[in-house]
Amino acid sequence: MKLHEYISKDIFAAYGVPTPKGHVAATPKEAGKIAKDLGGRVVVKAQVLVGGRGKAGGIKLAENAKEARTAAEEILAMEIKGLPVRKVLIDPAVEIATEIYLGITNDRAARQPVIMASAAGGVDIEEVAAKTPEKIIRAHVNPLLGLQDYQVRDLAVSIELEREHWDAFHKVTQGLWQAYQRSDATLAEINPLVITKDGELLAVDGKMLIDDNALYRHADLEAHRDIDVEAPAEVEARENELTYIKLDGEIGCMVNGAGLAMATMDIIKLFGGEPANFLDIGGGANAEKVAAALRIILQDKNVKAVLFNIFGGITRGDEVAKGILEALKQIKTDVPMVVRLVGTNAEEGRALLADANMITAESLAEAAQKAVQAAQGSK
Amino acid sequence: MKLHEYISKDIFAAYGVPTPKGHVAATPKEAGKIAKDLGGRVVVKAQVLVGGRGKAGGIKLAENAKEARTAAEEILAMEIKGLPVRKVLIDPAVEIATEIYLGITNDRAARQPVIMASAAGGVDIEEVAAKTPEKIIRAHVNPLLGLQDYQVRDLAVSIELEREHWDAFHKVTQGLWQAYQRSDATLAEINPLVITKDGELLAVDGKMLIDDNALYRHADLEAHRDIDVEAPAEVEARENELTYIKLDGEIGCMVNGAGLAMATMDIIKLFGGEPANFLDIGGGANAEKVAAALRIILQDKNVKAVLFNIFGGITRGDEVAKGILEALKQIKTDVPMVVRLVGTNAEEGRALLADANMITAESLAEAAQKAVQAAQGSK
Amino acid sequence: MAILANKDTRVVVQGITGREGSFHSQLMLDYGTKVVAGMRPGKGGEWVLDGKVPVFDSVKVAVEATGADTSMIIVPAVAAPDSILEAADAGVRLIICLTEGVPIQDMMRVRAYLDFKQVTLIGPNCPGLLTPSQTKIGFIPGNISMPGNVGVVSRSGTLTYEVLNALKQEGMGCSTCVGIGGDPVKGISFIEVLQMFEDDPLTDQVVMIGEIGGTDEEKAAEYINEKMTKPVVGFIAGKTAPPGKRMGHAGAIVEGGAGTAKDKVEALKKAGVQVADHPEQIPEMLKK
Amino acid sequence: MAILANKDTRVVVQGITGREGSFHSQLMLDYGTKVVAGMRPGKGGEWVLDGKVPVFDSVKVAVEATGADTSMIIVPAVAAPDSILEAADAGVRLIICLTEGVPIQDMMRVRAYLDFKQVTLIGPNCPGLLTPSQTKIGFIPGNISMPGNVGVVSRSGTLTYEVLNALKQEGMGCSTCVGIGGDPVKGISFIEVLQMFEDDPLTDQVVMIGEIGGTDEEKAAEYINEKMTKPVVGFIAGKTAPPGKRMGHAGAIVEGGAGTAKDKVEALKKAGVQVADHPEQIPEMLKK
């Protein structure tokens, strides 16, 4: 789950990382009030969960409260990459001497967290990583020991940080590590970490991604979930513990298992169709979940055919069949459906579906081809 | 550093261990007030840092506030094993069904913490350990991982705890572990951990020892240090970063290094003397510390001779000599002094002491013999 | 003999009393797997699966009492890290963790600890292992495969069943099938299983099923190129996945442009691996 | 050759710029020890000890630049755990930590981590190591010993000097002297050093100096009894120590009645070790 800049920075601050003393506003009036209280120049920043908001005009400098209010009004009316801006952050403007990049993420290959620092902060770090990887210093952190002070010093040395800033850098870096670890983050990033003209270190922008699997122990963070970034159908899917991603094609898919779901999408494409979605009903899905999944698929008016590809392991064919029948009781639809059930309790499932008006298939290739045909037929 | 029962239990409670809702009192009046507020039967318990207070009469049951006040009056007037009772804890009395022992300490041989549990709680656990060691279940805890839930379950199974108490036991045990770890304890012990007739688990008595080396990060605990348990000279020594333990003999010793200090005491005894103290001036002691050490030794009126045995490594002979001269400027004394300086800067030290009126020795045996003779001569 | 597990493998199931735990343990028993013990704290002393399998309060006691050498874990995600550590400390040689949804930082800590231990972990979030006609430990349906000389290793769950089924349809059997799981931080990796197949006299050919995300397939391709003599057929799922979107589990995040299906297919082809366009092509590729 | 360190050992000193650090580094240089680098964060680029030794900001850089293979740590207690881990991760093969007062739980974590690493730790709270006429790493004064065939291992600091000095007075030299330190949780133990002496062709006899507390001496006695062929002379300090009182450092707590001087002396005697009543008796016992 992505966290907004202002929430990420609040978390960093709670672990001792210095951040600008700004506040978030949902209206231009609030924004003006905050700017007035802060005094002086401020930055008004769109709080959206996509990159590139600066280029899109989502960050504006304001000399005073009046300008801040105007800037907020403009930004709050924007959509950035399709996402509405609901909140703006008003931070005091700072005079920047240096910009540093500092981030912690999981290195899956090393099976350890990795901390990265670069003197080339403030820009697109992925571009730095691609073009001048030597400018990014990396250090792996043993997950049982945690980040050691010597590692922080090594980073400071490697990015040629002036010694007068070492103590402040230590505080920021250990604070970021605590924020990463205690929040079950998969990414905790400060970009830029600014050294101001007054010689202070300040986390001017912040970003966190939280491990969805760990949200059960972070109810406070879950409460900050911004459902604007998800299509309504995706929200509904998540609430039903399904993974659904809407795509642009015309063949709805319901599959158990992420790998098989992707392979099913791939084979639809291979046979000339376009998948309308990714939908993984997960392991051990019961009838209720299957019914919810079918409702979600059919909400997409582009869908011209539905392909069920269920290979039973932990998921049982009979449960899936019951779910389909349950959903079809509730939803009146003419969309043709191709069903392929294999594996655990597949026969019981096929028996249950025998009387429903469905196209059946044995192999995956057959199922995909029939779904593509059905979709073309129903156009 | 030992912590009082009431402080240990406060710490346990902060980590979620259920403890009786009692309070500590310094006067009988306060004790009566607390008993009145608690209502019903209470236990009045002497807060002293020695074992065996129960047998010494330091724990009394009181039916009401009036009795509690009387009991507190009696206990506050006591000395237990030479220690004055300055505070009493008034806890509500509980109806005990079962008593369990639960403790965590450092197993130096295994280089890991070890958690111990026994169904034979409420008694002297060292006696259980000596006579029926099989009744104490032990589990080592990996210091990087911490106490795992499965280990807690294994303990519960092994002490044959009824399953209905497992959840409560889990909470108590993980709480005790947190208390142990976050307080840098060398011992955290609940004895007894009571199961009340109502089926509640309750830490009725608690004990913690804190690693002196870690007190720099526990200023809150250091503030609770009870100097009553230390002889005044020991307090003065600690404040000067010296380790001094008063003994009953007549030969004062000042030595650098604990091992050499013990060996020096041993050899004094071997040649017919009795050491008056253990005193380790530590590594790299400077003149000021040496002077303080000498003052402390000479405060003991039993001392008939002083033996300085300094083998320079990190400690420098010249610094020690300067300290002795410094102390002798301040303290007028007739006590004969035997000095043996060897190792780093020993010659410089001997040169400095050449004009002082001191007995010198080359070997340790010679020094000890001369000190024994001097002590006999000055009787 | 087979790699990792065979008919003599003695399994303790952690979480045997749960709905899925008991269902799959029964299927395993039916298949012939030696499910010698179950473990569920607080249920020690009971017998389950028609009184055939004793339940213990701890893995340690289960191992002592039944000689179990392998643990299968099918517990809620919140309990999985503790269960893995318990199994590791109880002295089993193989742990197969089926549980999905284990937090990644938990797994990083568990992995760091397991590095001390003489134990192999498969999973979490994996379908388990199948050595046809000998043993089945996990979700892989027994009836979709038969004994043979093809070793199968996969990051996916149900996609693996698809492949086993396709092989069986063509009369081809499997030496052992290992589902290593799709989580970003996990136990055994492609390379370790490929190495076992390379050394296994009963395996003549290998199928490797990967998906987008991470760089495990690329690393496996390097290993195949440098060390493997046996032919490998590969398949990569996720060619149509839009970049930057999560496809069901964390393993399927496309990280920083790397780990796309295209990259992986190219790496495998460069290593001499035949890569199938869809799973049902795999049998004919093996026949070549 | 000698055990653990010899004239070719290249030492980086962590904390070289401190008062004690520079003092003892100078004594080491004077003795002939190859002090090739110092380390002190924030002082990298400076040269110390009359411009003879370069200072680096990290052990890693010091190792890379100077080929140091051994680190001596002489930093405040609060920095010692981090310093040990830094040295271990920088790839030295031997770490000698002189610092006293390191919290025991810190040391337990450090030890658990070092179990992963190919590195030997001596200390903390130890006087270090002396291979006479070759190298001196730590506090042990160089002039109190000379080369010879007696291996010395000790839990104590200054008491060790006493023994070395007594040996020298009697014309006896030392192959290597190792002060393992008095802390309850530490690096190398008696047994490991005894084993090295047993295997060392330059060592013919061994002196082992213990003290009250713990059971290391008892375990060493078992080892001597079962494995050692070379004669061992022992000494135990603390016969007059009152039970239950702390004698200067944590190693000297008498734990639960075990670990008394009497127990240790008996265990050693049972293992065939001659035990001296006072340190100056040791040379004549070795002559027998």
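Things to note:
Letters are used for the chains, namely A, B, C and D, taken in the order the chains are written, and counting of residues starts over at 1 for each.
In the analysis below, contacts are C-beta pairs under 8 Å (C-beta built on N, C-alpha and C of every residue); 3 or more make two chains touch, one makes a residue touch a chain.
Keep in mind that this is a model prediction, so the values were computed, not measured.
Number of steps on the shortest path from subunit A to subunit C, with steps defined by chain touch: 1.
Counting C-beta pairs in contact, the pair that comes out ahead of the other among B-D and B-C is B-D. Farthest from subunit C in terms of Cα centroid separation is B.
Centroids of subunit B and subunit D (each the mean of its C-alpha atoms) stand 28 Å apart. A separation of 54 Å divides the Cα centre of subunit A from that of subunit D. Here the CA centre of subunit C is 48 Å from the CA centre of subunit D.
The multi-chain contact residues of subunit C, meaning those touching 2 or more other chains, are 109, 112-113. Shown for subunit A are the residues that touch two or more other chains, namely 142, 144-145. Residues of subunit A that touch subunit D in their complex: 142, 144-145, 148-150, 153-154, 157, 163, 166. Contacts from subunit B toward subunit A in the complex involve residues 144-145. Contacts from subunit D toward subunit B in the complex involve residues 20, 24, 27, 77-78, 98, 100-109, 111-113, 127, 139-141, 144, 154-162, 165-166, 169, 182, 184-185, 209, 211-212, 214-216, 219, 235, 237-242, 245-252, 255-257, 277-280. Contact residues of subunit C toward subunit B in the complex are 41-42, 44, 57-61, 79, 82-83, 85-86, 89, 109, 112-113. On the subunit A side of its complex with subunit C, the touching residues are 106, 108-109, 111-113, 126, 129-130, 142-144, 181, 184, 186, 211, 213-214, 216, 243, 245, 247, 255-263, 265-270, 275, 278, 280, 282-284, 311-315, 342-344, 363-365, 368.
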